[in-house]
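Take a look at this one; I'll ask things after.
Each chain gets a letter, A, B and C, in the order it is written, and its residues are counted from 1.
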Amino acid sequence: MKRSGILTIIMMLAAAILTFTGIYLAFVWAPTHETMGEVQRIFYFHVASAWVSYLAFIITFIGSLLYLKTEDMKYDILAFSSAEIGIVFCTIAIITGGLWAQGVWGVFWIWEDMKLFLTLVMWLVFIAYLALRANSDPGKARARLSAVFGIIGFMCIPLSFAANRIWTQYHPTVIASAGGSLQTSMVLTLVTAVFAFTFLYFSILMIKLDIEKMKEEIEEIKQEIGDNGEIDYG
Amino acid sequence: MPDEILIASGIRRSFGKKMVLNDLDLQLNKGDIYVLFGSNGVGKTTLVKILATLIHSDKGDITHFGMNGEDDIKDIRRKIGFMSHEPYLYRDLTASENLDLFADLYSIPDKEKRIEEMLKMVELYHRSYDRVGSFSRGMKQRLALARTLLHSPDMVFLDEPYSGLDLNAQAMLNRVIKKMNEEGVTFFLITHDLEKGLEIATRKGILAKGKIVEKPEASSQDFITQYKEILETRGGAKGGIQN
Amino acid sequence: MKPEAALKGGSKISATKAIFIKELKIEFRNKQMINSMLILALMVLASFRFIFSFIDFSETELAAPILWVTFFFSGMFALAPIYQREVEQGTKECLTLAPISASTIFFGKFFSSFLVIMGLNLFSMVLFFVFFSQPFPDMISLITIIVLGTIGFVALGNLISAISANISQSQVMLPVLLIPILLFTVVMTSVEATYQIFDGQTLADLADGIKLILAFDIIFVASGYLLIDYLMEE
């Protein structure tokens, strides 16, 4: 690791400390929710991972835009790495969200709930994004194709928000949202969890970017050796 | 128009892990018939596609007709003709419809007359209204030539133009190249057919190890010998042909 | 040749028209393709008829999803070859080398595939009324919604077709890329609007939905226009 090494280590330390604090706060310190009960504790991690997946996909979107503008491969790597991490967190968010909904609403999934719906759309879009990358050869062509898809895919999320609004206008939500406000200690726990996951995201991202950069350096070294006639172009 | 029609310097291109072109330099002057030889897989097709603005190089600079860059790309392309070793035609369209489409895309004035002229040149006029799908490979290749020359380009790139043509058509192709060259058209063609290529070349080179080895002074006989030497050393990887 | 005269706007329209006519000629000469799409629409509708002869359902309520699932699947097969045949026949290179912008190609193909897919959808619609003995809703409203929805479908479908043509497994990848971005935007809204029309409403009652579909159409056509450049170059 080079320059980014120290920063990565700091990020990882922060992520580790905050995650353990968050686990303690969520499971021990924070009081049980008055109406939702114990199951509400999963909510802290659910919100944090959902937030990180949104953040990760926004970074993919920005990386895709920057790639098309600059044709610099580092933005392609950024977009791809972030999408991969985003999918992991998005999956966690969907599973924890389902568990929470099962406890609170009695069902795993409610189509009318906007946040659930959008998270699922996002998950599907970026699964498709990763499938697109898996099915094309590395290089500028792949970078361009996936950047275009990353942009369209991300753009479709606010659009599907609007589509869902129209939909729910005619199909009113049957299940009333569970009431009950959050106490101060719960808010604090939530904030800790969100920060913990954010740091975790950035440290994973940095490690992944480092790995990709090393892969590129290896390629460059191979090509330099080739310049001296060691590798056959034939 | 400047005398140097095309200047390429420091062209690099790799596919995945394999570098096919390595700091390649090339200059084409008006009126050249530059024939580049090379065995299969040395990157001839990649080079000709880069020169014809079809794909980008990883590094390096190319100037066509004194123009450079994305802004002039349409003007450059208007003056370029490119024919690949695959015919690249629409099989569900007839011969004249294929040409008609490109006549519209290049906004060729008086297109019916021009299309007729081109079809007669490649001896396909009697098949104008037949679908390309029913053509033999040689006929497709001739039609592809007609499409390449349709918009009277100033510079023509030909990628293995002799493949799939019978002797008669090969001779026709060389006649067309010579005739157009007299009118000032520059040609750059790549082939591994030494005999046909040397027949028309005014400049000749060999592509090996990602670079061009130019042998302008060599007589045909010497050139053939040297080419064979390069072919033999190619497998050995080490040393070989630095200049 | 006179480049300065040829460069003007007129040549752009005539080039778009040339591509449009070429695409239509290819579609209609290749009779197997159109025939297979018609047969596919027939099969999808027959499957629905079969399924719903076993279970009890309200035909009026399911009319909209049945129609749009049929449109979606038959349309997808019509979209797949649009760019793929250019790649397979190598003609993509010739189009790229012509002194025209990529958006010219996009619009030529957009208009021709819109005509083909719209014809296909109308055929499916007629078949639907044959299979499911439904009372006719307000036909003008129904067809308007189908036209509007198809514009968005075809616009984004063309763009995704240009992506999938350049990757491996393109036949499978087209639906993979298309479903997450189309289903939750233009298709969802169109299904909703179609549902309302079968429920006895007319266009005037559906202003919100129609505005939204129009917005999708505009956004999708615009993103096709802006992004196609990156997909044609290599």
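Heads up, the rule we're going with is that contacts are C-beta pairs under 8 Å (C-beta built on N, C-alpha and C of every residue); 3 or more make two chains touch, one makes a residue touch a chain.
Just so you know, these numbers come straight off a predicted model, no measurement behind them.
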{"item": "Most remote chain, CA-based centroid, reference being chain A", "value": "B"}
{"item": "Chain whose Cα centroid lies nearest the overall Cα centroid", "value": "C"}
{"item": "Chain centre separation (chain A, chain C; CA means) in Å", "value": "32"}
{"item": "Geometric centre distance via CA averages, chain B-chain A, whole Å", "value": "48"}
{"item": "Distance between the centres, which are taken as Cα means, of chain C and chain B, whole angstrom", "value": "38"}
{"item": "Contacts with 2+ other chains: residues of chain B", "value": "56"}
{"item": "Chain C, residues touching no fewer than two other chains", "value": "233-234"}
{"item": "Of chain C, residues touching chain B in the complex", "value": "1-3, 5-7, 11, 14-15, 17-19, 22, 25-26, 29-30, 89-91, 93-101, 233-234"}
{"item": "Touching residues on chain A, where the partner in the complex is chain C", "value": "68, 117, 121, 124-125, 127-128, 131-132, 135-136, 141-142, 144-145, 147-149, 151-153, 155-156, 159-160, 162-164, 166-167, 169-170"}
{"item": "Residue numbers on chain C that touch chain A, as the complex places them", "value": "156, 159-160, 163, 166-169, 173, 176-177, 179-181, 184-186, 188-189, 192, 195-196, 208-209, 212, 215-216, 219, 223, 227, 230-231, 233-234"}
{"item": "Contact footprint of chain C on chain B as seen in their complex", "value": "49, 52-56, 74-75, 77-78, 80, 82, 84, 86-93, 97, 100-102, 104-109, 131, 147, 151-152"}
